[in-house]
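One structure follows; several queries about it will come next.
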Amino acid sequence: MPTPPSLPKMEYRFLGRSGLQVSAISLGGWLTYGGHVEKENSLACMKAAYDSGVNFFDCAESYSGGKSEEVMGEAIKRFGWKRNDLVISTKLYWGAAFGDNPVNNKGLSRKHIIEGMNASLSRLGLDYVDLIYAHRPDRLTPMEETVRAFNYLINTGKAFYWGTSEWNADEIASAWRYADKLGLIGPVMEQPLYNMLDREKVEREYAHLYREVGLGLTVFSPIKSGILSGKYRNGVPPDSRFAQEHVEFIAGYWKRTGKEKWDSVIEQVNKLEPIAKDLGVSQSQLALAWVLKNPNVSSAITGASSPDQVYDNVKAIDAVDKLTPEIMAKIDEILENKPPAIIPRF
Amino acid sequence: MPTPPSLPKMEYRFLGRSGLQVSAISLGGWLTYGGHVEKENSLACMKAAYDSGVNFFDCAESYSGGKSEEVMGEAIKRFGWKRNDLVISTKLYWGAAFGDNPVNNKGLSRKHIIEGMNASLSRLGLDYVDLIYAHRPDRLTPMEETVRAFNYLINTGKAFYWGTSEWNADEIASAWRYADKLGLIGPVMEQPLYNMLDREKVEREYAHLYREVGLGLTVFSPIKSGILSGKYRNGVPPDSRFAQEHVEFIAGYWKRTGKEKWDSVIEQVNKLEPIAKDLGVSQSQLALAWVLKNPNVSSAITGASSPDQVYDNVKAIDAVDKLTPEIMAKIDEILENKPPAIIPRF
Amino acid sequence: MPTPPSLPKMEYRFLGRSGLQVSAISLGGWLTYGGHVEKENSLACMKAAYDSGVNFFDCAESYSGGKSEEVMGEAIKRFGWKRNDLVISTKLYWGAAFGDNPVNNKGLSRKHIIEGMNASLSRLGLDYVDLIYAHRPDRLTPMEETVRAFNYLINTGKAFYWGTSEWNADEIASAWRYADKLGLIGPVMEQPLYNMLDREKVEREYAHLYREVGLGLTVFSPIKSGILSGKYRNGVPPDSRFAQEHVEFIAGYWKRTGKEKWDSVIEQVNKLEPIAKDLGVSQSQLALAWVLKNPNVSSAITGASSPDQVYDNVKAIDAVDKLTPEIMAKIDEILENKPPAIIPRF
Amino acid sequence: MPTPPSLPKMEYRFLGRSGLQVSAISLGGWLTYGGHVEKENSLACMKAAYDSGVNFFDCAESYSGGKSEEVMGEAIKRFGWKRNDLVISTKLYWGAAFGDNPVNNKGLSRKHIIEGMNASLSRLGLDYVDLIYAHRPDRLTPMEETVRAFNYLINTGKAFYWGTSEWNADEIASAWRYADKLGLIGPVMEQPLYNMLDREKVEREYAHLYREVGLGLTVFSPIKSGILSGKYRNGVPPDSRFAQEHVEFIAGYWKRTGKEKWDSVIEQVNKLEPIAKDLGVSQSQLALAWVLKNPNVSSAITGASSPDQVYDNVKAIDAVDKLTPEIMAKIDEILENKPPAIIPRF
């Protein structure tokens, strides 16, 4: 299947205050490769992404027990991609190979960071990754030990940059405090949840870190597990391949937040439909473009179960410029969740 | 021989202020493997420990001239244990392979720390140990040289953490002073003698180090060479396999401390018997549980000459919670050696 | 072709405030090897240079898409030169192997500096270079990242010294600021354009850096693409092998600066002819000697398309001492571009 | 030839304020191995030294163009000595393999220190030396570059300690200043000329360095090329194997210092003869013992052209204790060169 000629030119953004550039749209291994998507289809999605200009592929030791990394490695070999053209990441926290005793195979101790990195590189078939993330904070391991261990990875050439995923702002600041004190390298990027429905962390909590430490963001779940695509408008699509999974997902959501909350969310999402229509894009593309409109976002990590879905995601790039201040204001009005501006002290 | 189903769930504790977790009960190579216990029996003890949840195995270059490390390496290979499931330690100070000239094959010079580490790893058949100890202080080598050399081991990936064994509190503090000054890693754990009869160092001398540098303890001799098991109640057991050794041990003790002191110690130990009986545990288990009751103890290193003895040790974990404040007070009354509380300045 | 016996003894100069000595005349790969000069001829030029005492050979990952490095490696092997007799440099900025996606294959990010260095060493067939340059400033990558990455190359033994090419004085000073703050190694040399017609940067802008950080210079284009040789006196030489290229070069110059400027430059150059004649040297040699007269110049990088041209360049060394203060003043009068002296604050 | 049973027990001394111990008597490669002594004889001398308890063997890249290192390597292999029993040194400054162009194959630049170390290790057939010396100061290379390069050798495991040879006190202090500033390792030992006739540097110039930086000394020429052995009492011994060399040596001495000076030196040396006789030792042994009497001397490097000469040197150890304060005063009276005491400021 040839790449559609109508794709927009990929946009590359600097990863925070680093010298590395990542594609604004990236592909994540959580659902797309190594997971429930069948392998040949996964590889086709990865190729579609690469051919569309995606250079950043995201993995984690924990995704499908390490399989996302294995499929990533297979893609690089099969398609003959050059290492220097790629930005490969992985994340350490939950060991992919628990062994008999999980006790030191998770968290951010020096032991797991080094052993986990070696195991990930072995699954990937690579000498190094570009980005290594601390996949959640580990509040039981001293921050200094974690900062030193990630610097060990960089100093031994096993990773180029390190970052965090779902850390609090003060935890990121604390990591930088140790890095500065010891003359070490601090975390350059964070991988948070960010989408129209989850704004607090990215738009308010991290605000001063963009300026202070040059934090870059590689955000996940930009369409919030499909909710922002509008597909739940009429309940679960009955003939969907993932119908059963959807049912469970929605059931889970209900249980946690209540039916009332769910209905109000679906109502909000429905109100976004006319805006998407006016712009000539799908609701998914509107949601993705809205995420990329935030200049602190270096890349939005997307999932896909077919090459066409990859192309649809990439096309969202064209929609970013269509999001005028007026339209952004209209969206804020619908969402009713814009965090209050941070007033600088005076 | 299958693992008894009645074993308690192993408890894991953080090694001081590090991110590493060690089993509260661990197995030491001093007497158990590589020493006078026959090899197949040693390996059976190690398997029994591993199957009971023990993840920390302690060696030293000096134990049986390096044989504890060789047997350790053999166990890992024979039982197919995963490296990441294990916390392996060794200790440097007395070189296991003296060569013709012992002069630089002991102490904590840069030369012996590097050469000793390489020799230990080669005997273990491993790329790295988790813990490396300075097996005694070396008051003739500058502290800075020792601190730098252990950091060299960590920086070259040959060890994850370094610590001390039988150092004075001020020597540990001094190591941290150089580490802080130079931005290096300080010793995270100490391996002292600790049991009901030897309390001063752990309970008083190190007190401020737990708070200041987060010192963790992996204590040895929790049953004081068997004295606390009550087996010397009636003199040396005549048909004991180690009778001769016991005689020599006791003779040695007499010579050093006098028959009077010995008798008074045995009298004290006898008074502990009813407490053990009341709790439904052996005297050895009482002694072990008492050591683990101290929250600054990360792990108690035990020896064993049969798998059953390993299981008996592990069962002590169940007794820890039975040690109520009242019982602890009663024990203190019998032992008459509780160090006076440290009064903070005011 | 034997080396002419009449060649002057090569002069070696310290590379700024370093312990490395480079030949005052060096050979650059930009035009000479790997480029449009045919390979066997390139190798002959390199041998002629080596036999004349040239020890410094300059490459870049970008010169002819990496071919200058490949030919350099071939020369070392073919002629059996000893590695320790040579000072080999290369420069990173534009990746020689762009792959499919140039996005991270240029600039001074940690990723490109490490990947680019590895690729250059592989093309050169060497374990290390003596000098590694940042080939232009990268104003989008944080200076700290660049300084750390070049130190990574030095710490891993892949380069001995690092420097810059065509950076502004304040950018060099800023690199040193980070190096000093972090206890790292700063850039020891700069590779600027320097010749009779382009004096501002070397003679004025960098002035305080010679004193402050001991900056050394390896200057390129000492004859300004041939203009200072006098060969454009009568327009483009019609039968020149490079006539077509010359026409294009001159056309390009015209477009950028205008015919008027060009004519005035040629007029100035013509006025230098009698001075060269009086000294008994060619105009090219005068231009080269004039560059070497500046004590801040460690080496002048020359090009050549034949061994004879190499020898002619080397002979310029004899002319340096002939440049008396009186002659230097006469040249300044003709050039009318001597930067005003920097008045120290008082 | 068996080792004579009458040899004294070798004494080991700490190398300054380091954790390394060296034999008080050591063997130097300058004249003994790789030089004019025939190889099998050299190896016999080395074995005699080793069997006498000598653990420190001194080499240099420049001794006999690298041959001292090659013979050293051969001795280790042939006699099956264990690496950890040995303290092997070498010295960098004059490259042993000059190649075609000596320009960067000497001095203390980063280039020569790294290239020279690699070449020395290759000649020695070793992975590392214990001691690496800067063989003379290099006043043209910045001290910081030299200090960093020796630390590079230590950090990459190619050497354990670094030191200097024939540096001035202020140069050693300056090296320590950079080491302290940058958190690096300073030079722990110096290799100076020291004997009864050359006392100024060791006894006066370096005085504060013993206290301040813990400088250790491995002194060379303790018998001053044989002068202190008394063998020149009656001019050059006519049938000596080295007669011709002696003639040249003495001729050289005359030329430099004048016949008058020479005669007065021989007269002084003659006056030492009765002292040696009284102690029942040879004049050489007296001279050696006198050097070892200085507690700042870690080792005296000796030469030998036969195993018997090695044994004679080792026996000097027994004479050290015989040098009472009274005898030392008598010697000072004869030598008339005791540097004035350094009066501490008050």
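Order as written gives the chain letters A, B, C and D; numbering starts at 1 within each chain.
Just so we're on the same page, a residue touches a chain if its C-beta (ideal position, glycine included) is under 8 Å from a C-beta of that chain, and two chains touch if they have at least 3 such contacts.
Nothing here was measured: the structure is a model prediction, and the numbers come from that model.
Student: Quick check on the contact network: minimum steps from chain A to chain D?
Tutor: When the steps are counted carefully, the minimum from chain A to chain D is 2.
Student: Strictly by the touch rule at the top, which chains does chain B share as contacts with chain D?
Tutor: none
Student: To bring chain C onto chain D by a C-alpha fit, how many degrees must it turn, rounded to the nearest 5?
Tutor: Rotating chain C by 90 degrees superposes it on chain D.
Student: Compare the two sides of the chain A and chain B interface and say whether they are made mostly of the same residue numbers, over half shared, or of different ones.
Tutor: different
Student: Whole-Å distance, chain A centre to chain C centre, using C-alpha means?
Tutor: Result: the chain centres lie 45 Å from each other.
Student: Any idea how many Å lie between the Cα centroids of chain B and chain C?
Tutor: Chain centres of chain B and chain C, defined by C-alpha means, are spaced 64 Å apart.
Student: Multi-chain contacts only, two chains or more: what residues does chain C have there?
Tutor: Counting only residues that touch two or more other chains, chain C contributes 155, 183.
Student: So how do the chains connect up here, line, ring, star, complete, or something else (other)?
Tutor: Shape = ring; chains linked end to end, path closes on itself.
Student: Provide the full list of chain pairs in touch.
Tutor: Those chain pairs satisfying the definition are A-B, A-C, B-D, C-D.
Student: Which bits of chain A are touching chain B when the two form their complex?
Tutor: Chain A residues touching chain B: 95, 97, 99-101, 103-105, 107-112, 114-115, 119, 138, 140-142, 145-146, 148, 152, 155-156, 181-183.
Student: Would you mind writing out the residues of chain D in touch with chain B in their complex?
Tutor: 12, 14, 17-21, 23, 53, 55, 81-85, 87, 130, 155, 157, 160-161, 183, 185, 214
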